[in-house]
C-alpha cells in the first residue's frame, strides 16, 4: 500500500519534471522578446515590498507582543525585530544569490550575486528592476523567520534566538525558497504555491513545532495576553500588509494581482467569521482574540491559492481555515501537549497545509492558466500539493532539530527558571514595557 | 477613632460613596485590590487555553471616622454593598490612635 | 413657499435627468474606443483599496476602541471588525451585483454578477480590472457599516449588531450606493459626490442618530476614553487611509487624484486647527482629542469635495467642518439629549452634510469640468446637493428605524443593566483588554 | 592653516558653480522634449506622499509619545500633530512658492505660486503632476518641524511651540529647502543629498540642540518611557514610511527608486544591529529601545545616500550610524550636559551628519551617475558635503536662537515649575492618556 | 482577631497563596505596592540615561484571622516567602476590633 | 510600634521619601490610592461631555516605626507634604502588635 503510493508519487515527479510547469520562468517568458521596465508594475512592487516589511515590523511583532505575558512583551517584540534585521543583512550578503542565482542540481543557487554583485540599476526581472525583486523576496525571508519566534517565547535566550535565526535562515529558508521559487526541484514538480504557503507558513509552522518540543514547556504554559489592543493593531497591519504579500506575488499590476487581492480579503474575512461562530457554538463566547486568530488563519490558508482560485474557492478555504485552526489550537494542542506558545504551528502550520492542499482542489484555470485543480479535472494536482508539503515538512523538521542540537553544544538555549519567572524583559533586556 | 476597611465589589463603589457622603462622612480613600474568599477566582479562556485567575478584582475602602459614626457607616456599607451573592465582601474595624490633617495640623476627630 | 421649493427641485430633477452628468459613465467614455488596462492606474487603485481597508481595520476600530470605557474596549473594536468581515462576504455574494450591475428603474441593480459571476480576470472598468473596482467599492461598504457602531457602543448586544450589519448593508447601503454610483436616480440628478460624502458619511451619521434614539441612553452616558493613545493611532491611520479613499476615487493615477490628495490633507489639517482653536477659546484648553476629532471632521467634510474644489475651497471647508462639528458635539448634543456615544452623527453626519453642501458652493470647473458650483455661476448645484442629502437622510432614517423594529421582534437589542455595568467585554466576549 | 582651508572651499564653490550639477534640474532634463504624465511614476509618488505623511502622524508622534513620561504623553503627541497641521496650511499658502517657485539670488523663491496659484490640474513636474510634487514636498516640511519637538518636550508651553513652528518653518525650513532643492545656492554647489539628510535631519537636529540649550534642563532630565510598545509602533511606522521618503525621492518608479528602497532597508537593519551589539558590549544588555533607536539612526544616515551608494556603502553607513549614535546619546550627551530630551540632536543630528559626509565617500556613479564619491576618485565631494552641512548648521543654529529670543519677548516659553511637575497633559490640555 | 499584613516578593505570591489555603485560611486580599528597605531601588538605563527607580515592586497581602490562627499563618508566610536575599519582606500584625461579612451580616470570627 | 499611614499628594512623594530617609527610617511601603475629602474630584471634559472624576489620585505611605520615632516621622511628613492647599492629605497612627523580618526572622523593633 505504502509502496504503491510512493511509486505513484515518483511517477508524478517524473511526469511533472517534463512538464516544467514553472510559474516563475513563465512569467519571464511572458515578457516577449524585449523586456522593458513598466513603471506601474514597479510602483506596485515597491509598495508591496513596503507592505510585507510592515507585516513584520511592527505588525507581527505587535500581534505576538500583545499575546505575551506582561513581563515578556518586549522580548517577544525584540525577537521579530532582530530576526528581520539579521535577514535583511544576510539576504543581501548571500541569501538572494543562493536562492535565486543559478541552480546547482535543483538543490541550491550559486554565489554569483553575493552582495548583489552584477545586479545593475537597470537589470530587470520581468518588468521590474531586479534589485526590487530581490528586496521583495527579502521581506518574505524576514517574516518567515520572525513567525517562528511565536512558539519559542517566554523561555528562549535572546542570544540563542539570534544564532538560531542566522542558521535557520541559511540552512532552511534559503534552500526551500530555491526549490520552490528559484528554479529548484520543487518548482519543476508542478506544485502550485502562489505567494508562499509552503515556503513561508508550513515551513515556519513546522520549525515552530519542532523547536517547541525541543525547548520544552514553559513553567506557566498558558496564554495570558497582556494587551489585546496590540493584538488588534497587529492583526490589522497583517491583513493590510498581506495585500502586498499575495497581491504582489503577481509581480505585476494587473487583473491577477487584483484577483489575488480580493481573494485574500474574502478568505480572511470568512475565516474570521468561521472561527468566531465555531467558538461561539463551542465555548459560548465569540472572542475578539478568536476573530483576530481567524483573520491570520484565513490569510495563511489563502496564501498559496490567492492567484489560482475563484471567489467560491476562497470562501471554502476561508471556512475550513477558520474552523479547523480553531480545533487545532484548542483540542489538538491540549491533547498532544506540546507548548507552542502563540500557536504558530496551530495556525500557520495547520492553515498553511490546508491552503496548500485546497489550492490543488480549487485552482481554476480561468483565473490563472498555470493552475488546474481537482475540481477542474486534474486530480493529480492534489497529490503534487501533498507531496510538496511533505517534502517541506520532513526537511524542515529535520534541519530545525539539527540546528537546535548544534546550538545546544555551545550554549544553554533556555533561560534559567528564575529568569523565566521574573520575565524575559527584565532579565534579557533590562527594560519593562510600561511605566504607568 | 476607628479605621473602617471594607472590601467591596467594584460596581458598587459609586453607590456606596454617595450613600456615605449622605451619611455625613467627610473623606475616604480607595484602592484597587484583588482577593479571594468564598468567591474563588474564575477561569479565563484564551484560544481554548485556560488561565486560572486566582484572585477577583475588588475595591478596598478606607475610612477613618470618630467612634460615634462607626455604627452608621457600617450600616450604610452593609446596605449598599449587598447583592446577596458570594463575593460581596467584608468590613473590618481597626483602632486608630491619632489622625492629623497635614494642611492645618489639626489633630484627632477634627482632622478627619 | 414650501410648495414652490419642491417645484423648483422637481424642475432641477427633470433638467438634470437630461444632462446625465454622471461621473462614472464619463470616466468610461474617457477611455476612447479601446479600453486598455493601465498598470499605473491599477497600481494606485490596488494600494488605495488596501488603504481604505486599513481605515476600518484597525484604524476606525482603534479610534473607537480608545474612546470606549475600559470595560468596553474589545467589544467596541469587535463591532468594527465583524462588520467589515460580514460586508466582505456579502459584497462579493450580492452587494456588488445589486449596486453596480445594471439598473432596475433607477432604484437597484440586478443579480447578473452574483458571486462575481462573469467578471473575468481581464474584464476592465475604465483602465483597471473590474475585480479591482469591485474590491475598492467593497472597502467603502465595509467602513460605512463599521462607522455606525460608534453610536451604539457600550449597550448593544453583539448578536444584535451582527444582524443589524447584515440588514443595514443590504437594505440601506446597497440601494443608496446604486442611486449615487451605480447609475441610479441620484446619479442622474447631477449631485456631486466625489468620494462618498453622502453614501458613506451622511448615511452612517443618520443611521447612528436614529439607532441611538431607539437604543436609548447608556446608564453612564459620558465619554471616558480608556486609552487616548489608541485614538491617536486610529486617527493617524484614518488620515493615511483617507488618501486612498479620496485620492483613489479618481479611479486613476493622475492630476485629479493628486488634487484630491492634497485637498484631503489640507482640509483635514485646517479642520484640526479649527477645532483646536475653537475649543481653546471656549473651554480654555486645546485637547488632543479635539485635534483628533477635528481631523476626522475635516476628512469627512472634504470627502464629497476633494476632486472638485481648489485649495481655497478646501481651506474654507476645513474651517467650517472643524468649528461647526465642535459645536454639534458639545452644544447641540447636550441640548437635544440623544446618546450618540462616540459622536458619529455629531461628526460624520454634521461634517458630511456641511461637505456635501459646500461642494455645491466651491466646485471649480478648472479642477474638474464635471463640477461647477455656486461660486462659479451655478447656484442650482447647491440645491441639487441639498436635495441629494435630504433624500438620503429620509430614506436612511426610515429604513434604519424599520430594521431596528424588525430585529426587536425577534430578540432583545440591548444588554441587561447588569451586563452594561459589568462591561460588554466580559459579558459579550469573556475577555478583558489589558492584563497589566 | 584655517585660511587655506577656507580658500580651498571657496575654490570648490566657484568651480562647482560652473558645473551646475543640480540633481533636480537634471531630472527635468531627462524628460526629453515632451514631458508627459506617467501613471506608474504618479502612483508611486502618490503612495510615497501618503507614506511620508504617515511617518509624522502617527509614526513620529507615537515614537516620541511612548518615550515621554506618563504625565506628558499627550502633549508630546500633540506637538507633532499640530506642527504637521500648521505646515500643511502654510506650505500651501506660501511655503511651496517660496521654496520652489523661481529663485531670487540663490537665496529664496518668489511669490508666484502663493496658494498654488497657476498650478493647473495638468501642470507637470517631470512625469508627475506638479500638485503632487507640492504635496510630496509638504510632507517633508511637516516631519522636519515635528522632529524638533522631541528635544523640547516635558517643559515647553504648547502655545510657544505653535508659534515656534510657524516661525521656524518660515524662516529656517523654507530657505534651506530652497537652497538645496529649489535651485538655490547649495544646489549649485554640487552637494549630494538624495532625500534630505541635510534639509531635514541635520536641520532638525541642530534646531533641537539650540532650543534645548535655550529652554534649559527639565527638573527630571532623564528618560522614563511610559510605554515602549508605542515606541515599537512608532519605529515600525517610521521604517515603513521611510521607503516613501527615500524611495520616493527618485521622483519616479524605476531602478533608482528600488535601489534607494533596498539601501534604506539595509542600512536601517544594520544600524539596529550595530546599536544593539554596541550596547550589549558596553552596558551588558541589548535593549529593545536600543534596537528602535538604531533603526532611526540608520534611516537618518542613509537618507542623503540612499540613491547614490551601493549595498556595500549602505552597510558601512549603517554600522557607523548605529554605533556612533549610541555613543553620542550616552557618553557625549551626559558629558556636555544639554537636555535634548529624546535625543533629536543625538540621533538625527549626529546620524544626519555622518550620512551626509559618507555620501561623499561612497557615492557610486554606477548607481547614480550624478554622484561620485571619494572611493570612486572624487575626494572633493567629501569637502563639498562638509561645507553644505556646515552652512546649514550655522544658519539653523543662528536662526533658531533668534526665533527663541523673539518669542521670549512676547511670552514665557517654559511652563511653570508646578505645571512641569504635574505634567503637561493635564496642565496644557486638561487630559490624561490612560483611564485604566 | 488580627490583621496580618505581609509585604512579599511578587514571584512568591502563588506559592504563599497555596500554602495559606492549605493552612486553612478562607480569604485574603492582595494589592500591588512599592517599597524600599534594605533593598534599595535599582537603576534603569534608557539610552544610557540612568533613572533611579526609587522603589521596588512588592505585593502586600492582607489577611484577617482569628487569634488562634495567627501563629500558623505567620509561620507559613515565613517559610514560603523566604529566599534569603534582601527584599524578602516583612510581616506586621495589627489588632482588629470587628469583622463583618456583608452578604450574611455575620460578625466576628465567623465572618472571616 | 506604630504604623503611620499618610495620604499625600503624588508630586510630594520624592521629597518626603528623601526627608524620611534623612530622619532615619529604614523602610517604607507606598501604594497608589484615590481619595476625596475637602478636595473633591474634578470634572474632566471630553468632547464637551463632562465626566466627574469622583476621586483624586493620591499616594498612601505606610511606615512601621518604633514608638520613639513616631514623633519625628510625623513632623517630617507634616513639613514636607505641606502646600497649604486643600488635598494635602492626612496622617493616621495605628497600633502594631508585632513585626517580623522574613529574611532573618527577627522580631519587634529590630525587624523594622
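Chains: A, B, C, D, E and F, in written order; residue numbering restarts at 1 for each.
Definition applied: a contact is a pair of C-beta atoms (placed from the backbone, for glycine too) under 8 Å apart; a residue touches a chain by one contact, two chains touch by 3 or more.
Since the model is a prediction, treat every value here as computed from it, not as a measurement.
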item	value
Labels of chains that are neighbours to chain A and to chain B	C, E
Set of chains adjacent to chain A and to chain C	B, D
Pair joined by more contacting C-beta pairs (C-F or B-C)	C-F
Chain F against chain B, contact positions shared by both copies (same if over half, else different)	different
Mean-CA-position distance for chain E and chain A (Å)	47
Where chain B and chain D are represented by their mean Cα positions, the distance between them in whole Å	54
Approximate Å spacing (C-alpha centroids) for the pair chain B, chain E	18
Geometric centre distance via CA averages, chain D-chain C, whole Å	35
For chain C, residues that touch 2 or more chains besides their own	38-41, 43-44, 47, 224-225, 227, 233, 253, 283, 285, 287, 289, 430-432, 434, 436
Interface hub residues of chain F, defined as touching at least two other chains	31, 44-46, 94-95
Chain-level touch network, classified as line, ring, star, complete or other	other
All pairs of touching chains, each written as two labels joined by a dash	A-B, A-C, A-D, A-E, B-C, B-E, B-F, C-D, C-F, D-E, D-F, E-F
Contact set on chain F toward chain B in their complex	2, 6-8, 31-38, 54-55, 58, 60, 74, 77-78, 81-86, 88-95
Chain D residues within the chain A interface of the complex	38-41, 43-44, 47, 51, 69-70, 224-229, 232-233, 235-237, 239-240, 243-244, 247, 252-259, 261-262, 265-266, 268-270, 272-273, 276, 283-289, 291-292, 310-312, 315, 366-368, 434, 436
Contacting residues of chain F [partner chain C, same complex]	44-51
Chain E partner contacts - residues on chain F that touch it in the complex	3, 14, 17, 26-31, 62, 64, 94-103, 105, 111-112
Contact set on chain C toward chain A in their complex	37-44, 46-47, 49-50, 53-54, 57-59, 61-62, 65, 73-75, 77-78, 81-82, 84-86, 88-89, 92, 115-116, 120-123, 128-129, 131-132, 134-135, 138, 158, 227, 230, 233, 253, 428-436
